[in-house]
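Heads up, the next two complexes both have subunit A, just with different partners, subunit B and then subunit C.
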Partner chain A sequence: MHLTFTPIEGKSRNFSTLEATLMALSLVGLMSFVISYVKGHETLGTSNVIPWGMPIVITIYLIGLSAGSLILSSLTYVFKKEEYRPISRIAVFLAIVLIFGAMVGIALDLGRPEKSWRLFIFFALNNMRSMFAINGILYGGYFVISLVYLGFMFADKPKSTKIMAVIAIGWAALVHMGTGAIFGFIAARPIFYSPLRPLEFLAAAMASGLALLTILLVLIFKLAKRDLNRDIILSLGKLLLALIILLFIFVFVDKLTHLYSPHREPMIWLLTGPFSSIFWGLQVGCAYVLPTILLVHPRYNKTTKAVIGAAILVVIGIFAERFVLVIPGAAYPLPFYPGKIEGIWGQPGSFPFTPVEIFMSLGIFALMGLFLILGLKHLELLPAYESSGQKPASQ
Partner chain B sequence: MARWGMVIDLDKCTGCQACTIVCKVENNVPHGSPEEQKWRREIYWNKVIAVTNGKYPRVNTQLIPMPCMHCDDAPCVTVCPAKATYRREDGIIMQDFRKCIGCKYCIVACPYGARSFNSKEQEEKEYHRHDLPPDRLAWGPWPFPSRTHGVVEKCTFCFHRIDQGIKEGKKIGEEVVPACVEDCPAHARFFGDLDDTESEVSRLLSSRGWSRLREGLGTKPKVYYLSK
Partner chain C sequence: METLFRPIAILVELAILMGIIYSLFAGVKLAISDLGLKEKYHPFVKWVLLIMGCLVLAFFAAHLITFYPRVHR
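Right after this comes the complex of A and B.
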């Protein structure tokens, strides 16, 4: 079967409504950002105790989704799995949109975003001992590599595309391991500090990326009005189960190690304190336990609905995992001196959700949604099938 | 080259917070408000913490004044991606507001909570020194009224006093000291060259038992505490 790709028409009323809504939300996000930029970060929930807020949570989540989906879609490309060909272009395009959203997220979190160019003057203005600066190279390179990769796909050059796919796999893995290292290398914060953090991030990226790809595959097959091949979805479900178990092992070992001294108290605080409901309910529940039950239980494990349900749960659960790392990791008070530190210096920080921050966060997602639907409209991303009634684009 | 360090005598400290106040006055650190303090957004270059051990009626309270530790192996210098935090030759860890992009990685990395993020556009009346209005045209480490929100701030060991003193040929550590050392009513703080065997700080460190905070992290702080 020769596969052709085509843009969607994008003339229906629903499309315009969606476009307008996303545009409006992006504008609201932009306005929130302007407010936080003019008035300062007092308009956000961050403080000197919890310096990183929702933009950073969203950023590392998006980088994970992007890297994970790029790795898995490229793996199928390299290993010539023809059944995944329909999603090859959209997966790479989505990876670009997601990493773009992540970069916007970082910029929104900076106190002085107009100076963010300083992060990209590699070696000259950067301190290359800083994990953040190293990640600047990784993110910049990732952006370029994905663009070239997509370019070769559009140009229909299978050989070059395959080479780019191999490079993209390696680089994407580095990107998310580097992101994990930003947190894992901080000795002062017990909840962050772990040599496992880069690996845990990579596993989380693969799991959430695969879940996103599964949802995407189902959606696109539905849009193209083509029968869903049950076996593909079920095999994706098996892979998802394997990745969830891998991720769970990393998280379990990490938390267990931290339950021994000297990090015992912060970890007990995390597991039983104010963030424990998010940890147990959303992270452990949504990301590990419920999807595993759905994928293992004999009554559900042969249905595509269970796989889709598990994928949606994983996408939500991994977001919670990022939140429960970033916010409580910084909130736990620093033990300046042995004993009980009185007053504010000994209390864990609290993180209030402010309207500015919420709209800013929604704005990031809306902007990405806008780019995605504009991409679908103007680029040949989606597969065209004769049965779908859409005309293939001119070759 | 000198290696500036501070010695704080915990036996003499009464926890009066004069160092916190005088630091705010000297460096024109914004007042803050109860609201800001509640949300932990107030800027402190120097703080005094109280640490209790034991149970009533057998309680021991330690008062620990905490400026920036100016670590020899400072985690903030390692993590700053923009070279905004750097170590001067004399060992003082500086923050360049012009280069700081406000990523707050240094706040996360600092084990002593010595760093504060300037999270609001300060009005003129919120500064202590009304004779020095905020001037946004000149962004330097000094004079401190020239500051902006969105960057990270910290103690500088009053480097402006030291630099001025050296220029005028005064003896640093005796005639010229940081504001918190000068104004401590209990004379609990001492400042000087750690490498100079004749200095007051070297004499104190060789004659009394001392400790540094969180030595396990290997940051090698240059603020020493003489034990009670």
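Right after this comes the complex of A and C.
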């Protein structure tokens, strides 16, 4: 299949409005960052009990989206799925934008971003047995690999692109498994601790990355008035279903294992406590149950609308999954006194949403949106036409 | 007088720092061109550097507001 990639024109009034809105939201996010820096982390709703707030939730979510998107881009180059070639460039570019957003999230969460260089002084300032230090290598390498991978795509060098795709797929898997290991290896936090966490993170990354890619593809191709093969969306829907089932199995086994005696209290607290509505309603409902129904039901599973609906639910549900891991995981008291629920303050922590945190989070998403539309305007990311000439996705 | 001096000093330092960052980014742009990046990609690189510049400006402003020494008599 021969494809010509071109930038979008980006001269319409709607495009300019979108650009201006994203710039304004990014500025609001920057202002919120300035407030959080000057006034301290208490403006972000975090405390000594829950030290990780929304920036960390967003960061691990974006790393997952990015890794998933990059892995899917390699379907063409590694698994020879030529039908996905039209979406390969946008998938890699999206992966770069998302990992950039994740790095901004980490920098904001550090509180003193000027010290972030210390994260990259491996073996000298870092404890290399820490998953944080190992992840520094993974994230840095991932960013460079993705840029080189996209560079080879633009340079139209199929051999080099294929080699980079193989490296990228392996590295992306390591990146998200490494992120999962940060949580999974913390034995002192019962809700975090699980040997399954890296695999669960990888499955969640692929499912959410695929879901976001599907939504953006339909939206971008529609707004850019370009045809997208309907079969691509339907086949992405089938892949999404498989990944949702895989993710559900990991989560189910993980929760079931944690429910086994004698250390079952933290899991019972998670499933029935103050965060249970988010777990059951958003994580289980939006990430697993509803999308599965949409993608399995014979009445809906042949329509692109059902795939898009399922993808939207998965994107929301997996964000909730990240939230339900990070915040309750930190809120549950450390087991200083076995058999009792006692933390450093004697009871589970609470996490209020603050305006500064909400605007800062919106700013991160707006900044990524801005990069994405600027990329669409200036880089050859979208196919100008499809030679197979099949039905567009909007039908 | 002291309260007026501090914001002015911060603004001057901000201008100096942004001048340094501008020079660094101009160097990055030249280096990218030397490495063979095609002309058609230059507007995108310009936008990326502009956005990065805004991020750096916000950081410097926050840092100087927080840590710039206060004048006491």
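Definition applied: the second predicted complex is superposed on the first by the 364 of 395 C-alpha atoms of A that agree within 3 Å, B and C clash if a C-alpha of one lies under 4 Å from a C-alpha of the other, contacts with A are read in each partner's own complex, and residues count from 1 in each chain.
As a convention for this text, a contact is a pair of C-beta atoms (placed from the backbone, for glycine too) under 8 Å apart; a residue touches a chain by one contact, two chains touch by 3 or more.
Here the structure is a predicted model, which is why all the values come from computation and not from measurement.
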item	value
Touched partner set for A:L30, first subunit B, second subunit C, both or neither	second
Partner chain in contact with A:F371 - subunit B first, subunit C second, else both or neither	second
Touching partner for A:V38 - first (subunit B), second (subunit C), both, neither	both
Touched partner set for A:L379, first subunit B, second subunit C, both or neither	second
Which superposed partner A:K159 touches (first subunit B, second subunit C, both, neither)	neither
Greater residue coverage of subunit A in the superposed arrangement, subunit B or subunit C	B
Partner chain(s) touched by A:K11 [first = subunit B, second = subunit C, both, neither]	neither
Touching partner for A:N48 - first (subunit B), second (subunit C), both, neither	first
Subunit A positions touched by subunit B in one structure and by subunit C in the second	37-38, 113
Complex interface listing, subunit A residues touching subunit B	37-42, 44, 46-49, 51-52, 106, 109-113, 115-116, 118-119, 125-127, 129-133, 136, 182, 186-189, 192, 262, 330, 334-346, 349, 352
Of all residues in subunit A, those that touch subunit C in their complex	26-27, 30-31, 33-34, 37-38, 104, 113-114, 154, 367, 370-371, 374-375, 378-379
Subunit B residues touching subunit A - in the complex, by the definition given at the top	36-42, 47, 49-53, 60-62, 64, 66, 75, 77-83, 99-105, 107-113, 115-121, 148-152, 213-214, 216-217
Complex contacts: residues of subunit C adjacent to subunit A	40-41, 43-44, 47-48, 51, 54-55, 58-59, 61-63, 65-66
